[in-house]
Amino acid sequence: MKPNAGVQKSFGSDLKHGLHSAGLIFKKDLQVEFRTRYALGSVSLFSLTTVVAVSGALSSQNLHSDVKAALLWVVLLFAAMSGLARVFVREVESGTSDALKLYAPAASVYAGKLLFNLALVAAVELITVPLYLIVLPPQVIHPGLLIAVLALGGLGLSSAATFVAALIAQAKSGKSALFFTVAFPVLMPLLLVAVKSTVGAFDLVPTHESQAVSGMYVLACYSVVTTTAALLLFEYVWRD
Amino acid sequence: MDVLEADDIAMAYGPRVLFRNVSFTLTPGDFLIVTGRNGAGKSSLLKILAGLSRPIAGVVRYPSDAGAITNANPANELPIGYCGPDINIYDELSAAENLTFFSGLRGLANVPVRDLISQFGLDPKRSSEPVSSYSTGMRQRLKHALSLVGSPRVLIWDEPTATLDSNGRKLAEDVISSHTSKGGIFIVATNVDDEAERWGTKKLRIGP
Amino acid sequence: MYGVIKLLKLLLLPFVSATIVGGFLWLPPALNFRSPDLARIVVFHVPCSIVAMIASAVATWHAIRYLWKRSLIDDIKAQGSFTFALLLWVLTTVTGAVFARSQWGAYWSWDIKQAAILILLMIFAAYFALRAAMDDERKRATLGSVYILFALIAVPYLTLALPNSTNDTLHPKGTLTTKEGLDPRYAIVLWAGVVALTAVYAWAASLSGSIGALEFARRQRMGSIMAQSSTVTIVEKVH
């Protein structure tokens, strides 16, 4: 038997291997998702019913752009959160997480799961936002700004939520409640800034718009800081 | 560096210490049998040796071309084949997809998946069905096949024949003897008295 | 050395008392404030927030040490300091709210500083929820330490960056350094308060660490007694 030839220990090949593994994990999660259609189904249903309920209760009111922005993000957040923990909780509950630990580099696992959650958040936004803009139209829409806020906010949301999902996945029970309890405080700063920026995208007040642009930088920073911290700390969460 | 060395390993579950001062050396071709009562800590020891668990004391050193690797994260440094009750494969994927996925994670391409599947007595025609349709015995065989991916030097099986029929048991023995005769190291935990008697070049018993 | 520490501990009580009494009786009412008498709460509010920061930093340090050395004593100390930090942050929030009521008429106005501190309190509370959900001691310690490191990145942001990023806040800026109209005696009592509270925290933290260590040792002894009945035998079988 040819003994295990040591893998070339260079940073470049490690990085390539890591990225390739992350891609494989992302692809695997997509495959499993398409065959069961669980996460996308539940989050879509959640966002649709929430948007309909909100618009039904409020359509007769003339709402300020503040409220519209906040409501949008609340719906997005809750809808996304109902599915974001699945990437890790399902691995633990079906007993496959040990196999993953044995075969995949830790950083690849985080990166692959993050990619899946990014796709999930993107799907939630694609379903929710157009519907929301139809039933609760704001005074005006700055499309570029809105898309930027949704993208950066979604990125930050995925980063933080994926890491928290990994933290709570090993709890003995009550994982859903624990996920919300731990993730919400961490996501609050993101939520506040995202709402403020969305207000800038929904009305014509120039200070709001400049606030929105500076909010973008904060959102971008949040994403960078969260992803970096997650990548550095994930090894400790994932391995015993 | 050829040997697998366990150096003063101790493991506890909460306040309950399972074992301590476990030290042994395994050379190429060695086959270690771990026995003990239910709950004595056999699976815990095997998980430590596989790098899935962190012991509360002690260190494991693995054989590799690049010199000894201690059990920080052996899975990243060199492949170890492990099969145990905690390892599961993806129900939604097929046997072939499972093997391809896990071998891809180890950086292996073009793994002869169909050969591996038939080597373990699984019907190649069923290899594209999702694993959820498999029986426990078939799943066990697939898990065994998975542990061989990447030709690891060290193979660790926890109660390998528990769900297998007599064909499966013979197959397992063949795999073990083939691996050790090629210079690999095999570690098995078992409750079966017959296996504990006949198998192994070294024995380790946890508990009285 | 031991004698000096003992002396300092004995002096701590009179010192803390002097600080508190001084804050109420010695300090003149603060001019330029709506409620000059109540405004003196600032000499309690600021030390709370400073020592809360110190305690948070100490908890972070022990969390790092745990992940590095894996000694459960570090986790005990991290948890202890974290708890004190939470307590101090709560006191900071409450004293701030009392001041807000006297100065601006409402305990809570969703000012950015107040929103930020509320988020901080929730982040701290989530730590305990996370720990409680784990059954294994080591998992609790590892995940707890990781959470401290992950979540407390937010602390400097929430306490310093966010409130200072906008001028649209009621919270006074630069009060630590100088504020016109504030009698210099305020600075004395405030900094004395910081020293006193730090000393109290340090003492409490070391006591809680000792208690935790003793409990841990006791649990370990009990566990070892059970292990003695379990032996490991290795037999070399010759074919």
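In this document, chain identifiers A, B and C correspond to the written order of the chains, with residue numbering beginning at 1 in each.
Just so it is clear, a residue touches a chain if its C-beta (ideal position, glycine included) is under 8 Å from a C-beta of that chain, and two chains touch if they have at least 3 such contacts.
Just so it is clear, the structure is predicted and the values come from calculations on it, not from any experiment.
Contact with subunit B and subunit C alike is made by A. Set against the C-alpha centre of subunit B, every other chain centre is closer than that of C. Here the two chains linked by the largest count of contacting C-beta pairs are A-B. Centrality by C-alpha centroid: the chain sitting nearest the overall protein C-alpha mean is A.
Mean C-alpha positions place subunit B and subunit C at a centre distance of 47 Å. The mean-CA centres of subunit A and subunit C are about 31 angstrom from one another, to the nearest whole unit.
One finds 36 Å separating the Cα centroids of subunit A and subunit B.
Residue positions 240 of subunit A are each in touch with at least two other chains.
Of all residues in subunit C, those that touch two or more other chains are 138.
Residue positions of subunit B touching 2 or more other chains, listed in rising order: 54. Subunit B makes touch with subunit A in their complex at residues 50-54, 64-66, 73, 75-76, 78-80, 82, 86-93, 97, 101-102, 104-107, 130, 146, 150-153, 179, 182-184. Put simply, subunit A touches subunit B in their complex at residues 1-7, 9, 17, 20-21, 24-25, 28, 31-32, 35-36, 94-96, 98-106, 108, 235, 239-240.
Listed in rising order, the residues of subunit A touching subunit C in the complex are 163, 167-168, 170-175, 178, 181-182, 184-186, 188-189, 192, 225, 229-230, 233, 236-237, 240. Against subunit B, the residues of subunit C that register as touching in their complex are 70, 136-138, 219-220, 222-224, 226-227, 229-237, 239. Every residue of subunit B that touches subunit C in the complex is listed here, in rising order: 12-22, 24, 40-41, 54, 56, 200-208.
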